[in-house]
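Reading through the structure tokens given below for one structure.
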Amino acid sequence: MEINDKDTLTIVEHIKNFARRHSLFVLAYGTGCGAIEIPPTMTSRYDAERFGIVGRATPRQADVLLITGYLSVKTLKRVIRTYEQMQDPKYVIGFGSCTINGGMYWDSYNTIKVLDQYMPVDVYINGCMPRPESVISGFIKLQQLIKAGKADGWKKYQENLDWYRANQKKVIKNWNMPDYNW
Amino acid sequence: METLKTISGYFATIGVAFTVGFLFMGFRRILTARVQNRVGPPIYQNLLDIIKLWSKESAINHGLMQHMGPAFSITASVTTLMFIPVLRDGNWFQNFSFEGDLIFLLYIMVFGQLGMALGAGQTGNPNSAIGVSRGLSQIVGYEIPFVLALTALMVYHETTSLHEIMAAQDSIGGWNIFVNPLAFVAGIIAFLGMTHYTPFDVPFAPAELASGPPSEFGGKYLGMMMTSGSIFAFAKLTLFVNLFLGGASNLLELLVKALALYLIPVIIGIVTPRFRTEQAILFFWKWPTIIGILSILWVVWMR
Amino acid sequence: MDITGIPFFLAVSFGGAFLAYLMNFAHRFLRNAVVLLTVSASAALLFWLGDETFSMEMGGFVLTLGKTPYSLFFAGIVALLAVPTVLFSFTYMAKEERPAMYYLNLLITIAAMYGILFSLDLLSLFIFWEIMTWSSFLLTIHKGGNATKAGVKYFLYSAAGAYAILFSVVILYNMSGSLLIEDVARSFVLQNPLMQLMLAGTLLFGFSVKAGLMPMHGWAPDAYAESPAPFTALFSGALSKMGIFGMGMVLYQIFLQSPFSLPVRELLAWAGGITSALATLRAIQQTDAKRLLAYSSVAQLGYIVMGLALGTPLSMMAALFITLLHGVFKAMLFFAVGAVYFRTGLTDLNELRGLIRRMPVSFLTVLMAIISLANIPPLGGFVGKWLLYESLIQSDHYFLVIVAFFSSTASFLYVYRLIFSIFLGQEEKEFEHVKEVPFLTMQLPMLALAAVTFITGIFPGIVLAPISSALTYLGFPIQHDMWSMSMLFNEWGNRMNLLAMISVIGTVFLTGFTILYFYRMRRTRYVTTKDIHTSGEVPTENENLTYAINFYQPFERAAHPVLSKSIRAWIDWIGRSVSELGDFLRHIYTGDGQTYAWYVVLFLTFMLAAGSWIL
Amino acid sequence: MIYYIASIAVMLIGLYAVLVKKNLIKIVIGLSLMDAGTHLLLVAIGFIKGGTAPIFSEPGLTADAMVDPVPQALVLTAIVIGLAVTAVALALVIRIYAQHKTLDIRKISSLKW
Amino acid sequence: MPELFPLSPVHYVAAPLLAAFLLPLVAKLSRSFIKILPGLTFLYVLYVSAVLYPQALQAPIIEQIAGWAPPLGINLYYGPMAGLFASLFSALGFIVWLYSLTQMKQEPLDRFYILLMMLVAGATGMVLTGDIFNLFVFMEITAISAYSLTAFLREDDKAEAGFKYILIGSLASAFVLLGIAILYSYTGTLNLADLALNMDKVPLSVRVIVFGLFLVGFGIEAEIFPLNGWAPDAYSAAPAPVSALFAGITVKAALYALARVTILLFPFAGSMALISILGLVTLVISELAALHQKNLFRMLAYSSMGQVGLAIAALGLFTAEGVYAALFAMINHAIVKGMLFLTVFAMAGGSATLDGLNGMGRKKPILSLLFTLGAFAIIGLPPFSGFWSKLSVLTAMGQTGNYAMIAIVLATTIVEAAYFLRATGRLYLSEGNPAEGKTPLSAIAALAVLAAGILWIGFFPGSIDETLTAGAQDLLDTAKYTEGVLKD
């Protein structure tokens, strides 16, 4: 069944879609300096739980992978593994300029520049660092995308796995992970 | 027709239990948020979580036990519910409560935990195993005061049937919370342990153990576990209402009483930090056990 | 010879043993056939056993054999476990040395157990008791190495018990002039109460050693851990129950009328409770699967003693029911652990892991057994515990309930440890080529026993029927409203409908499982246990992340005040002291001939001095 | 009486040698002395002052006047036995000396405990 | 045949002695005769037993040597008890011969067999004779051959053990002779029956002294604590067949003498209780001392002392059941301990330690099985002979109300089980010594006879019931003894 084909959505699909966008489990995985923005987002001041956004400790339970800042090559490997361990449907939010174009690490020998080459990013949040307000607006954008059926990065990843894998393997020299098979 | 009615009664019970369960849990989330000066999610948030989990497109498992673990869990919850009289009297919501007794409930209540532990073990995640180790250790802690409290009630009423215990508490003065407050205290402290809310949430410690036993469970498995958790929460609350608050003659009364009971672990949970495992065990073996023993002595003296 | 007589029965049992020994020189298939035939023939003969008693004179004593409903129940347990045991042995022992000796002793042990049960007098009971002891001793030391030490320890504890029994038997014989239990009981009541206390005390002590009641349990962990696994099943399942048989006989056939009967039984019940609690705590500490099961056996026998000592009809039903069930599920556990040992050569819980996909049937066996052991419905173990708790509460033993429940809950810990460490956790590369054990000789016994736990869980009446006739024989009139085929009643009139229970549990479980299994089945992937959330880290092939070592460290820390003391160490200390006394005494023989001459002269002088002083 | 005392004295001297002397030869001598003392005692028991040999050599000689013949017979036997024992003992002493190169009984205690 | 050549108890003593004297001559003719002649002798003696013993059960055979009537002459008293012992001794002699046939390789063999036959002859004489001085003489014959056999092997410590044995044994003979002298000085007779009638001539204080002397004298041979210092050394030094005979024959003969003398001459309650207590003390101390023993023969020696202590304790009751039990214990001990000594020797050689048994269960399965059987029998496990003997001891003690004695005996049995099973366990260790050589058939046959005895008595204890009862009656019925001997 095509989820993004709006006309064919049944009532069940509506409910599913509603539940999906209002219950976003975020994997508590801080990669760069952006992780420091997550606690204020979650706690009293900004209270992301209002939107059903709660942190989860394991990728098996999580829906959203937040890449909170620059990714070194070493971290990328872990992030890819973590991403692949998450259950479909899953969403990636690129967080801060580093994930968009490398940001202040644009000429670093050791960080990746464009996250989208390595995994499908659904929403980018601009800023260095983005404030919690931006983070929440990013999440709301994600919800809108889900509602519209356009948050389909996980499908793109499946379809273009070879391309992604090639990119990943280009930067990760010691690739010793089990292959993602489905 | 009678059969159909009976069977629809089962489903109605499960439905009520599930609804009340997730609403209570949502209520807890809201209350927690309010205490933390937040707004909190909508009260039906848990339902959304559960639906989302069930609607996950994929799931992984590490073997057969990962199917069986949540299945054990739901078995324990539903069976517990089925053998508890939800209401004092009337034909509805009685289900199988005449066919079993308290001793059976005691054991079927841990059935799910053991099943979950097995499922968690299958995943091979060290965090799950550590969580199981802590969780099972904690069971040994809180079951002692719980059994003491139950024994006090059973001895006092000279029955092991929940129905007869309920029937004996026909007026407010006859409620066991007033007749034997010590047993109530011991029982409710044990209940704190059973809910796995803080201060007794070390088996699931999210930041430390990556949520402990269920850390490899996602999608439908986690959905099943959360469903089971909702039902089980209701079943336990009903059990305690029946034991100490004289049961309820209609659903509203039941809701009020159950909520009143539910507030105790919730509020304690909000304001307390976490016990280490051995601290929790030793705590259960100390004060609640002493109170439980006193309650039995009280009963013996009263007879 | 009368084919329904007990002499024929015992002749078959013992004769088969020697025939099997001889057949070993012919061919091992022939031997196996004889072994299996013997055991199953004696099991079948149990059904046709006649009522007449049989007497013979031996060494100036009249030995009487006959069956009672009480002994028939225990004989049923022996038969139930003996057949799977020998079946399991065939493949298991094929690798081991000296099979002839093994089967000889195994069959002698089984036959001697039947002998114990069908003894109507104390002397033949003692004779068979000792035959059982030495044959099981030889089985225990079969493996050599550490087993020798364990075996000697087992024998010495047993000897202490057996000679306590013999002490009483000799005095009772002297008092009543007859060895028949009936006659002994009749003259027993005429003795003065203190004498009764002493005699019954020594008898109970003797039987409790075999049952592994604390503080005389020290032999059990070592002996169970070191003996060959199929035999261990019988050892723990049936052989240790002979102690229970004897205790029941003493308590209710001989000692019942004594004024000390009640306090002694109360004491015994507490001893059973404390045994179950402490042994459970010890079991949690163990890292060897068989030692863990050994301590678990001690704990379970504690329950049985508790039920036996309370002496209400319900508690006796509980005790006998657990006696059977413990035999069954402990045999399953030992079989499964034996199967794992057979394939991997390991019983260490810290080294075994992840065998579930390699040995699914063994896993299923262990699963069924531990559910039964942890008393979780709907399997048979629950029925026994239900009866026990009801009887404990209704006979006003509130604190025993707590003790019993504590050990019951704590038993979850060790059963989980057992199944987790062996079958669950990350799969190990080392065990990649481990196969499931052969079906006919190893899986079948396990599965058959698993079926027994399942059936007894739903229809305990099958077992309660012989139990109630056994109890009626012991003087506990079991009315028919105390049990029915699948319904349990307590003395307050509350009931437990097992059929309702199983239908609810079964329906819900099957529904839940079906939903989980088939819902989005095609999108459900199987991933290896290497593919787990480890904060993104990739475990390498040789890295095993299973959390097995010090599994219950927090719990052990909490229970440290109790666990840091050891009864076994005390008993060992006594043994060491005797041994050191012996070492000291042998220095009397200094090796100097002149010293010996001095001894002679001094002794003579002393004798003469003493003589003249007396005069 | 003097015979009794003397024989006992000889025995005690022998016993003293056995118990106190450390030399194997002396111990063997002590053993012989003990034997000799016992033999003396036996003979003394049968002795009658002024009695004759126990042979009915003259008419009118009654048994009362004769020395009791039985102890003498016993002593003869006992002497033979004593001799045999002494011989065996001395033979062993020679073997012990050949092995241990000493006759001190305190040093010959390799078999003990 | 009986008419032509009437069999008489004298043949028990005469035949081995004659053969012993003939042996050096025969040896000149052919070496193989050395080995055959002792066997023939023992066979003949066994034949004598087979004919005479059933008669003795009916009525004791009293044989007068050289035709002199008892008070003056020497008589042999062949009653049920003496007959039992004499038959047992000759049977054991035969079995040991059978065993030595191939296992005994130490030259000079002719002397070995001479000493062996003298040992058996002397011990048999001790139980047969009715004359106290004759008893002394036979005791000395036994002792001298025992001394020599102890030091028979020309290895290191053997002479030392022999010397210690002589040292203590000579004291024993001196004391016994002294006692005889004192008795004779008061009663003027040496015949036991006559002595029993004339004991009232002896003042009480002298009787105490003489009892003390006899107790020490016979007690040394009977290995009563603390007089048994020689025993462990002698047992471990002597060749195993001889150790088997020590355990089976010399001790038993001395015990018989002690029992006979006590019951005839000193039938006081005090003396009997004393013997019982000494037996218990011996039992306890010996078993405890064996607990730490590494040398197998020494261990068996201590065990022997313990078993004898058990028999003495039962004997000291001097009730029909007590003597019955003591006889049973002695017979059992003779068979079982004999078998153990021989098995250990065949399995692990003359200087076996516990380590020598390691892993024998695989290399020598039959011998291991026999050792196990022996160990079980000596501990007293049913259905082997030891159980019935121990049970009869216990019931005898129970009948006199000595419950404390029962407890002590049972407690020592546990100790006994400890060291015997430790040894048994060693057999079935998986790692072990390299086994050398095969055990010849004759040795196995000898052991098999003993094992068959153990099993036979174990399964049919009733078969020796009559024998033992008669023996016990015979020992206790002093009036019958004196009348029988002095009937003329």
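Annotations for the structure displayed:
To keep things simple, chains are lettered A, B, C, D and E as they appear, and every chain counts its residues starting from 1.
The criterion applied here is as follows: a residue touches a chain if its C-beta (ideal position, glycine included) is under 8 Å from a C-beta of that chain, and two chains touch if they have at least 3 such contacts.
Everything numeric here is computed off the predicted structure, so don't read it as measured data.
Listing every chain that touches chain A and chain E alike gives C. Highest inter-chain contact count (C-beta pairs) belongs to B-C. Of all chains present, the one whose mean CA position sits nearest the global mean of protein CA atoms is C.
On a Cα centroid basis, the chain most remote from chain D in this structure is A.
With centres taken as mean Cα positions, chain E sits 78 Å from chain B. For the pair chain B and chain C, the distance between mean C-alpha positions equals 36 Å. Each chain gets one centre point, the mean of its Cα atoms, and the points for chain B and chain D are 99 Å apart.
Mean C-alpha positions place chain A and chain D at a centre distance of 115 Å.
The set of chain A residues touching two or more other chains comprises 58-60, 85, 88, 182. Contact of a single residue of chain D with at least two other chains is seen at positions 18, 27, 108-111, 113.
Counting only residues that touch two or more partner chains, chain E has 163-164, 167, 171, 232-233, 293. Under the contact rule stated at the top, the pairs of chains that touch are A-B, A-C, B-C, C-D, C-E, D-E.
Against chain E, in their complex, chain D makes its touches with residues 11, 18, 24, 27, 31, 34-35, 38, 41-42, 45, 68, 70-71, 74, 77-78, 81, 84-85, 88-89, 92-93, 95-96, 99-100, 108-111, 113. Of all the residues in chain C, the ones that touch chain D in their complex are 586-587, 589-594, 597-598, 601.
Across the complex, chain A meets chain C through its residues 29, 58-60, 75, 77-79, 81-82, 85, 88, 176-178, 181-182. Listing the residues of chain E that touch chain C in their complex gives 163-164, 167-168, 171-172, 175, 204-205, 208-209, 211-213, 215-216, 220, 226-227, 229-230, 232-233, 270, 285, 287-293, 302, 359, 361-362, 365, 372, 376, 379, 381-383, 387-388, 391-392, 394-395, 397-399, 401, 403, 406-407, 410-411, 413-415, 417-418, 421-422, 424-426, 428-431, 460-462, 465.
Residue ranges on chain C touching chain B, taken from their complex, read 354, 356-357, 360, 367, 371, 374-377, 382, 385-386, 389-390, 393, 396, 398-399, 401-402, 405-406, 409-410, 412-413, 416, 419-420, 424-427, 490, 492, 494-497, 500-501, 504-505, 508-509, 512-513, 515-517, 519-520, 523-535, 545-548, 551-555, 557-559.
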